[in-house]
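Below you'll find the structure I mean.
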Amino acid sequence: MDKVNGNHEARIGFYVCHCGHNIAAMVDCTEVAKYVGQLPGVVLSRDYKYMCSDPGQELIQKDIKEFDLNRVVVASCSPLLHEHTFRSAVEAGGLNPFFFHMVNIREHVSWVHTNRDEATAKAKALARAAIRRVAHHRALDVKKVPIHPDVLVVGGGIAGIHAALTLAKAGKKVYLVEREPSIGGHMAKFDKTFPTLDCAACILTPKMSEVGAHENITLWSYSEVVKMDGYVGNYTVTVKRRPRYINEDLCTGCQECIANCVYREPKFPDDFNEGLGKRKPVYIPFPQATPQVVLIDPEVCLNFKRGVLTDKCKKTCVEACGEKKAIDFQQKEEFQEIKVGTIIVATGFQAFDVARMPQYGYGRYPNVYTALEVERLVNASGPTAGDVLLRDGRHPKSIGIIHCVGSRDKKTNRWCSRVCCMYSMKLAHLLKEHTEAEIYNFYIDIRAPGKGYEEFYDKLLEEGVHFIRGRVGEVTDWAFIPEEEGKLVIRVEDTLANVVRRIPVDMVVLSTGLEPQPDAQAVRRLFNMSCGSEGFFLERHPKLAPVNTFTDGIYLAGCCQSPKDIPDSVAQAGAAAAEAMVLIDKGHIEQEPNTAYVLDDCSGCKSCIPLCPYTAITFNEGTKKADINEALCKGCGTCVGSCPSGSIVQNLFEDEEVFSEIQGVLAND
Amino acid sequence: MTKEWTPRIVAFFCNWCTYTAADLAGVSRMKYAANTRTIRVMCSGRIDPQFVLEAFAKGADGVLIGGCHPNDCHYAEGNYKMLRRFRLLKRMLKDLGIAEERLRLEWISAAEGEKVKAVVNEMVRKLTALGPLDVPGKFADWDREISPLAAAAAAAPVEHEVAHA
Amino acid sequence: MKYSYFPGCSLKGTGRAYEESLLPVFQALGVELEELDDWNCCGATAYMAVDEVKACVMASRNLALAEKAGHQELLAPCSACYLVLNKTKHYLHESPAVEAVVQKALHQANLTYSGNTPVRHPLDVLINNVGIDAIKKRVTQPLKGLKVAPYYGCQIVRPYASFDDQYNPTTMDRLLEAIGCTIVTYPLKTRCCGGSLTGTLPEPGLLCAYVLLKEAIARGAEVVATVCPLCQFNLDCYRDKMVAKWGGETVPDPRKAGARIAVGPRLDIPVVFFTQLIGLAFGLTEKELGLQRGFTPLRRPAPAQPQTAAA
Amino acid sequence: MDLRRTIKYESDRVKGFGREVMSVPGCEQLENCIQCGTCSGLCPLSIYMDHTPRQVMELTRSDFKDEVLRSTTIWLCASCYACTVECPKQIRITDIMYELKQRAIHEGFYPKRFPIPVLAQEFYRMSHKRGRVTENFLATIMFLKTNLLAALGMWRLGLNLFARGRFPLKLEGIKRRDELVRMMAVVDKLSIDALQNSQQNGGNGGGHPGAH
């Protein structure tokens, strides 16, 4: 039926959307409709308040039938937002969905211009181009790609853990890949969580062990994704598994080896405790680590020399391990290849490096701490078993907590890290509890916009914690008056009391901001994502697609997308899991049929073959022409753009279509 | 058109980076000159040199091509392919007597709405300084010059042959 | 090595000792300094307060003269001159309009400014061009164990920290260690000395200067080394006023834990130019180095002193 | 006790003052001030100021011209640049202080016999006239013009300096003074506001003044 194939001259219906005032305020929509109405091929031309609304879509369907339309053009917002909506409407109206073209006169016109005449002229030109283009459109079928049901979750922090569990509980098979020896991420290091003050370990470790135990989850810790190929529904991922020199299947986590290591005492800085504690060469990061498997650090283990196996050690650990034979000094790194349909990236953040702000004295004055260090210091299972003992062996009588270190600062990171206010208040509360010290918070603005957050702020005010509105200039150790001697002095303007103050304290806590992981750029390339200007991964749409990326089947969760607190990370992780399940349960995804094909007049010059990044083009010895494998083609059109004989065609972007668009935008009216 | 001339720019933006960046500029309500007419392609690699030539031939004063940054192409390397053609095109346009500034290639990532604004405004400034290109007009003049000669040639074929003899 | 030398007004007046010590030290190191012909006042900070553009014109005349002298690098020992000259370069670079004015003005004197005359500070040159080793070689009478508080002041590290760290500069520390001095930790390295306020609004000005001396004493320094004539003047010349105001204060005794000492009697701690110390180590006499010009002149530490100092 | 009404009316604002200051090259960033107080926290002299630097920034932005130009703050700034290098919004506070000093001097906004502007102007005159400055003369002039008593109080310092050859008795000067005069004449030719405008355009054209 020609309505679907449209093999007769075009009968075009044109619709321009006011989008409330968003477009109408800067573009004279009635004028545009009037102008387009008199263009050749246009059967009817309307302007309407909200085209994307149900009535708007029904209007299109009605008109198609009533006026026997065979082409439709809508001028409204960005196709990335509503192209799908209108294609469906056109299809519902009985036309092939690709007899439709969309003109972006909101993001690209009304929102970015200031002169109504110019904006209207531009809108007309773009509409004119679309009218000319759409006449050349052909009927196309959407290609259905099957979705592999397994999911890869990258990163085992709270976001990754929650996403993995959600999927696993829904019966999906999940690979959870974590770079560190144990999952848990930053949350595992926290003592309590704001504003409820429930202990981080108590709420996190059950989820961790559930991950370790769940039959649907394959947990690969101490591992990294190094390669990703394929496309939505059919990704092939290579994971590098670093050697822990322990056979994970044989190790029972009894930790006898640790007890019997030739090093009687722990000697090496322990990363989990931010270097405040010590560990042995064979160790388990922390008591509740998941998996419950030890590992050996070849950099310091006596059986190695700077990572190279020497076998010079008495190996008392091996004896201790005995029959289990779990220790394997020969272990090498291995690469495992897996097939998944969807991927959730939850690679988290890194804390701001305070060395970049020397004026706060970190590293110069022993009693200056980072927030993460304090989390460990107040933690019952931390290096001091919860006793807040300063590096110089004293207990603090007064403590200054400096907010916004490495946030809201053009010289470091411009953004607000969103959690510092709250965790600073949490630490203030905990430190008060542990030390009964005088506590000063130095803040620029208090940002407590979450559920129960403002109430927490009130609670601290009641506890008598001091809040001084002023960004600290410097932390020094020189005394101006005797009471300051032997103390750290914070000089700050109390901007509310309107005085400059010098406040001597025993301990300074730097509330460091959140920034992208150092390797965020590499990860972004690995998964074919984009980064925002700050370096966090970019979501597909800030409001409507906050967990999607520009690559189908790849989703974001947690702080790798932007700083957020635990509730938000968990919520986002759930959303990402749901998005993944949408594809999995549907079983297939409809793909834009913008693939390319070769015409008969191909001269067989082969120049296109090396250009295709997906090796979709092969030379057919029989026909002496190029062949394009539609399944492999991703529709970039590079081969089309460079075919000397113009005998490759890209659906939806055929030469006539683009040429008529060019002529359209330039034609004089 | 009565009001004073302003340049017309045809902009070919790749779907994944630059077109999205332009959307971002919109969402962030950045204001820039209204002289561009954007044409969306999936990848800058799709842009056929003929597209650019056609644009100039049909009266564009400038052509702007926007693609993903090197290494960031959604299709791995389409932007490199474009870059090669771009270099060729530039030389070709020079020979055709079209100033280089009239063709511009920019890598603009999905996050760089600010850059879209900056690039467009700057290009408009430059093109305004350069003045109209008006290739169609030039063609017209050319035809006007040719037609009498052609007519003459048609009118007096014999002399013509003599001239050759 | 040859540099155009821009002494600046102070080094011809209250800061003579700086020039008197700088020249022989550089000579001893084989660095040739050619005084800029007919240089004029850099404009200093005060001038900026009246008319920024004219200040730029004044400063740029010197830069232009230096270019005329053959694109040599320009050595500016006074911190204020060093900053103003550099600042002018930045300012002209940022604001073409101002540069246009300046060029017009320079034209009146058949001068031009291209902006490529580097303005250097003696510390910068000594560390990065002469080099510590060359200086060590030249030392004949190391100032063993002399406890020095290195005071850099503000304007050579702010706002343009070009050759040293803005928060914790160390060029002078390294130089003085090279000639045998012991550097005391001195957190006020780059704190303001009060600038011209000491003369105009004594109370706040003197306090700035006093704090610096007090901390030097508390840190057990025997001498304060400066790099700027104004800093030196402020710390050196107002002690009587400081004693009158704050002499009664005490600080913890750096030599005996728990004990305290009065600040007053110790406020006479010598304040010298770092070049004077280097000169001493090179075996030049107090007189040759203008040490007698200090209100509390520094005497060459007696060889016996190290032991007592160490005790 | 004497009571004072501290309320401000819109009529107390000199509308456009803030914009004017922010349009001077180097002062643009003031728009971004978030009133965090880093400047005052670092300023060694803020403890003597009637308005802290932070307040001066806000008063300027909100057009309270009188408060700003009459405040002691702008004169107490010793240009140590501590605020400028630490400001999280990269506002060049020291340069703004210079701008405000200039305006205060041009519009005569300071107490009679207030030494700092006098010093500044005398410095200006002397360096302008002679091409160089001889500090002890400069100081003397300043004291005579502002506070004779202080001048007398200073005789001791003078003597001490003299005794140590740090008190030259002849005024320094340059050879080609005419050259300097001619140069300054050029600047005078351009009227202040013409300069202002050209500065603005220049500032905008000339890259990004806030960029250090």
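Lettered A, B, C and D in written order, each chain numbered from 1.
Everything below uses one rule, namely that a residue touches a chain if its C-beta (ideal position, glycine included) is under 8 Å from a C-beta of that chain, and two chains touch if they have at least 3 such contacts.
Being a predicted model, the structure only gives us computed values, none of them experimental.
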Between the pairs A-D and A-C, the one where more C-beta pairs touch: A-D
Inter-chain centre distance, subunit A versus subunit D - centres from mean C-alpha coordinates, in Å: 49
Intercentroid distance (Cα basis), subunit D paired with subunit B, Å: 52
Where subunit A and subunit B are represented by their mean Cα positions, the distance between them in whole Å: 36
Residues within subunit D bordering two or more other chains: 47, 82
Of all residues in subunit A, the ones touching two or more other chains: 359
Multi-chain contact residues (two or more partners), subunit C: none
Chain-to-chain touches, reported pairwise for every pair that qualifies: A-B, A-C, A-D, C-D
Subunit A-touching residues of subunit B, taken from the complex the two chains share: 8, 10, 15-17, 19-20, 22-23, 25-27, 29-32, 34, 37-43, 45-48, 50-51, 54-55, 58-60, 71-72, 74-78, 81-82, 85, 109-112, 114, 117
Residue ranges of subunit A in contact with subunit C within the complex: 358-359, 476-480, 482, 485
Complex contacts: residues of subunit C adjacent to subunit A: 167-168, 187-188, 211, 215, 218, 250-252
In the complex, subunit A residues that touch subunit B: 78-80, 104, 106-109, 111-115, 118-119, 121-122, 125-126, 129, 525, 528, 530-533, 538, 542, 550-551, 594, 611, 613-614, 634-638, 640-642, 650, 653, 655, 658-659, 661-663, 665-668
Residues of subunit C touching subunit D in the complex: 9-10, 12-17, 38-41, 43-54, 57-58, 61, 90-91, 93-101, 104-109, 154-155, 158-161, 166, 191-192, 194-197, 199-201, 203-205, 208, 237-238, 240, 292-295
